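Some structures are shown below for you to check.
Next come two complexes, and both contain chain A; in the first it sits with chain B, in the second with chain C.
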Partner chain A sequence: MPTVNYVSFDGQSTQLELAEGMTIMQGAVMNGVEGIEGECSGSCACATCHCYVDDAWLAKVPAMSENEDEMLDDTASERKPNSRLSCQIKATAALDGIVIHMPEEQE
Partner chain B sequence: MSGVVIVGGGHAGYQCADSLRRSGYDGEITLVDGEGHLPYQRPPLSKSHLLNDTGEEVLLFRTQSYYDDHNIGLKLGHRVTAIHRADKQVELDRGETLSYDKLVLATGAKLRQLDLPGSNLNGVGYIKSLDDIRYIQSHLSQTEETVIIGGGFIALEFAATAAKLGKKVTVLVRGQRILANAVTPELSQYMLDIHHQHGVDIRFGAEVDHIADDGSGNVEAVRLKDGTLLPAQLVLAGIGVTADTELAVAAKLLCHDGVVVDAQCRSNDPDIFAAGDSARYDNPFTGTEIRLESVQNAVDQAKVIAQVIAGQDAEYHSVPWFWSDQYDIKLQMVGVHDGYTHFYQRGSQEDDKFSLFFFRDEKLIAIHTVNRPADHMAGRKLITAGVSPTQAQIEDADFKLNSLVKK
Partner chain C sequence: MFRFNPYSPEIDADPFPAYATLRAEYPCFWSEDAEMWVLSRHKDIVMALNDWETFSSAKGNLVNELPGRAGSTLGTTDPPRHDRLRALIQKAVTKRALAHLMAPAQSVAQKHLEALKGREQFDFVAEFSSKYTVDLIVYLFDLPPADLETVRDKAVMMVQTDPVTRQKGPEHLAAYEWMREYAGNLVQERKKNPGEDLLSQFILSEIDGDKLKDEEILLTVTTLIMAGIESLSGFMTMLIKNITDHPEVREALVENPDLIPDAIEESLRFNTSAQRFRRCVMKETTLHGQTMKPGDFVILAYGAGNRDEDVFPNADVYDLSRKPKGHLGFGGGVHACLGTAIARLACKVAVEELLLAFPNLSKVDQELRWMPSTNFRSPLELQVKA
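Take a look at the complex of A and B:
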């Protein structure tokens, strides 16, 4: 099972093992990791699961859809080059060990 | 035992429990839900769930340990049968009673059931709960042809899912267009074309006479009143829901098609709140009393209730927003378009990326977008702030609408 490292805005780290195919958002929300909301259940419709993918992992994460790209223009916290919606990234073997940074706010 | 009792574990009920803890409320919280599953998310049931192989776990809001860690008591598989307001207690189906300081009714909605000969045959299903979707799943492998009754979101989302799964899909719509309660005729037509492109047969003005039995209690076909026979192994009825206000009505709370609540989501009993599909409130954007069936409404009302119970100032005045996924189309709606006088279009239908901006006189009141999520997100801010872009700004697809309201 791939491991995901969630780093909160104030620097606290939580490591979770997620079932293959579960999204980074689902893993955070189900396990009560603060900082990711996911109000729309992962439909890429609310932009409350904004995250920053650690630069070391950015190249390994599958490219974003046009819809995700547009949604990221309206996140509550600043969009950066490594901004993604965590509901659009699935935990896979290729991303085992990925580091995800949380933004300051989601709404 | 006392504290907060929440009736219902859908989006509103779950969110209320979660937000109570986030708001610092440290009293007891008990969430009662009749279904017997950990609280889970319903939106994917008609959308992605049947297409994904990720299983049911991903539907859960939280795992059991979250509730344990946050001291949120769960009474799953228990139904509340009565509210005793004078004693501030609720009665459960197995005779148990729970006392409350504050009661939150998040009872949601009840399925409208088919009332036709053959409605009870094996192979007639609905989509509202996890058990409903398990039932449908158990029939899908034997299904080549499915007939869907209804022309709203649930019916069409399932039509898209079934078509993607390779089924022959026929949708029966009573009226003359799909999504008639939710979108304008232009968008209904656009979505109809999309369904046609995916081979879905949509019939308007269709009246079902009965559902035919194969002789052993299974669905075999749907017979229309005009005599048409549509073979089907699965019949899905998506014919709407009604507010579940049974408990509230029995407890003599003020109800009419929903528990009537104030801006703090409080009923006419100051210790009883209501949120979600079963709550009716004065919407400041429409200026009318409305009841919404949406995630946004459930979540935002639940948050207000949690804050109010935790002693903070909060009022519910969010702009309503909704979404639907059908095939590769993401349909997003913000605001309420009823009573619009005119609209402008941004983007083009040929590209499957466009938005309709609805105005009542000079005021922007709603935006319906197809695969233009940025317009939707900007629209939420614009309508909340009461800012109306000009026709030129709307029609210039490169103009950044959110620049009109950027912090």
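Take a look at the complex of A and C:
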């Protein structure tokens, strides 16, 4: 099962093994990792699962859709070049070990 | 021998004991009564929702699908077309885009509560939630104000199922036909005189230069009206049931209305009105020792996943302090409810105003009459005391 490293805004790290196909957002909310909300239940419609993909992993993450790109203009914390919505990234073998940084706020 | 019959009035009234058996003993269960598989564990439902290529919505998402509907609504279209259709509406229904709904929602709630002033007892469904949700949808979609009670009655009727024949009965199909015609007239009228409302935006949209198909527009509009009226009112009724079933919760909310969103989230988890939706298996899939074949239908029992102890400890307890995340009250994945922000805002305003007007609100009947439906669960009537 792929491992995901969640790093909170204040630098605390949580490592989780997620079933293949589970999204980074679901991994966080189902395991009580703070910092990701997922208000729209994963339909790319609210920008409360905003995250920053660690630069070392950015190239390996599948490209974003137009809809995600537009939704990212609506984040509570600053949008950066490595901003993504974590409901749109699934845990896969290719992303085993990925590092995800949480923003300061989601709402 | 264990059975799971989603047509039975007992399941309408209380599905939770059967869900517990399903989760514990038959996590991938073939229901002979429904002639469908049933998934009940949170993790399995989430995986099915994420994997639309294996669990498709294109053959319908209602357990008893309405004729001609599959493939022509947002909820019954798979990606990538689904994502482009949804993007057309999505921006109008985000939390931020809906700030304009707050003041009208407050004034509509106040108007209907004013009419109840001085009453000792009333039916929350007929005398508040129905009227409030219809008024909100009229505002959002700019519906012509004529005959709104009929619109409401038909919306409620079309989601029901006949418990005896185990299918949609003539009255349910007639309600659906009525709503199609109502939506059809509305679409024609909007094409001639488009406005700023949500429906006009959708009706006039194009995808990659192609106009949307007439049937797609018609049935999506039909579904949005149904969801906006029936589903919203049904959930709001469950929320008030929970608040009045737990006087300590009601007192806490009266004391501190900032806790109302927590009551909404816990209600979405505890006993959401959207209990079950359907998918169709596209590739042979083996789960918990059972093999599901292409063409088989699968019920995703959101209401069961929401009581899964692996995700929500003490799941059968309504806990205001739980702040549940990752619940299935709005479904999940690409087809998660489009109206989440509308529902949260409408429910928050309704409870705020209701508890201001009736801080001692209590429920009258222990036994409730439940809507016959294989998808949704809410009482037909909820008598409350001021």
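Here is the rule we use: the second predicted complex is superposed on the first by the 107 of 107 C-alpha atoms of A that agree within 3 Å, B and C clash if a C-alpha of one lies under 4 Å from a C-alpha of the other, contacts with A are read in each partner's own complex, and residues count from 1 in each chain.
Here is the rule we use: contacts are C-beta pairs under 8 Å (C-beta built on N, C-alpha and C of every residue); 3 or more make two chains touch, one makes a residue touch a chain.
Remember, it's a predicted structure, so these values are computed and weren't measured experimentally.
Peer 1: If chain A is used to align the two complexes, do chain B and chain C fit next to each other or clash?
Peer 2: They clash.
Peer 1: Of the two partner chains, chain B (first) and chain C (second), which one does A:13 touch, if any: first, second, both, or neither?
Peer 2: Neither partner.
Peer 1: Given the touch rule stated above, what does A:3 touch, chain B (first), chain C (second), both, or neither?
Peer 2: It touches nothing on chain B or chain C.
Peer 1: Give one of first, second, both or neither to describe whether A:41 is in contact with chain B, with chain C, with both, or with none.
Peer 2: It touches chain B and chain C both.
Peer 1: After lining up the shared chain so the two structures overlap, which partner does A:73 touch, if you call chain B first and chain C second: first, second, both or neither?
Peer 2: In the superposed model, A:73 contacts chain B only, not chain C.
Peer 1: In the superposed arrangement, which partner chain does A:29 touch: chain B (first), chain C (second), both, or neither?
Peer 2: Touch partners of A:29: chain B and chain C.
Peer 1: Answer with first, second, both or neither: which of chain B and chain C does A:21 touch in the superposed model?
Peer 2: In the superposition, A:21 touches chain B and chain C alike.
Peer 1: Do any residues of chain A touch both chain B and chain C, and if so, which are they?
Peer 2: 19, 21-23, 26, 29-30, 39-45, 47, 66-67, 70-71, 74
Peer 1: What part of chain A is in contact with chain C in the complex they form?
Peer 2: Those in contact with chain C are residues 19, 21-23, 26, 29-30, 37-47, 65-67, 70-71, 74, 90.
Peer 1: If you look only at chain B, which of its residues touch chain A in the complex?
Peer 2: Going by the criterion above, the answer is residues 41, 43-44, 47-48, 52-55, 57-63, 65-66, 69-70, 295-296, 299, 323, 325, 330, 332, 371-374, 376-378, 381, 402.
Peer 1: With touch defined as at the start, can you tell me which chain C residues reach chain A in the complex?
Peer 2: The contact residues of chain C facing chain A are 42-43, 46-47, 49-51, 83, 86-87, 90-91, 93-96, 311, 325-326, 328, 330-338, 340-341, 344.
Peer 1: Enumerate the contact residues on chain A facing chain B in the complex.
Peer 2: Spelled out, the residues of chain A in touch with chain B are 19, 21-23, 26, 29-32, 39-45, 47, 66-67, 70-71, 73-74.
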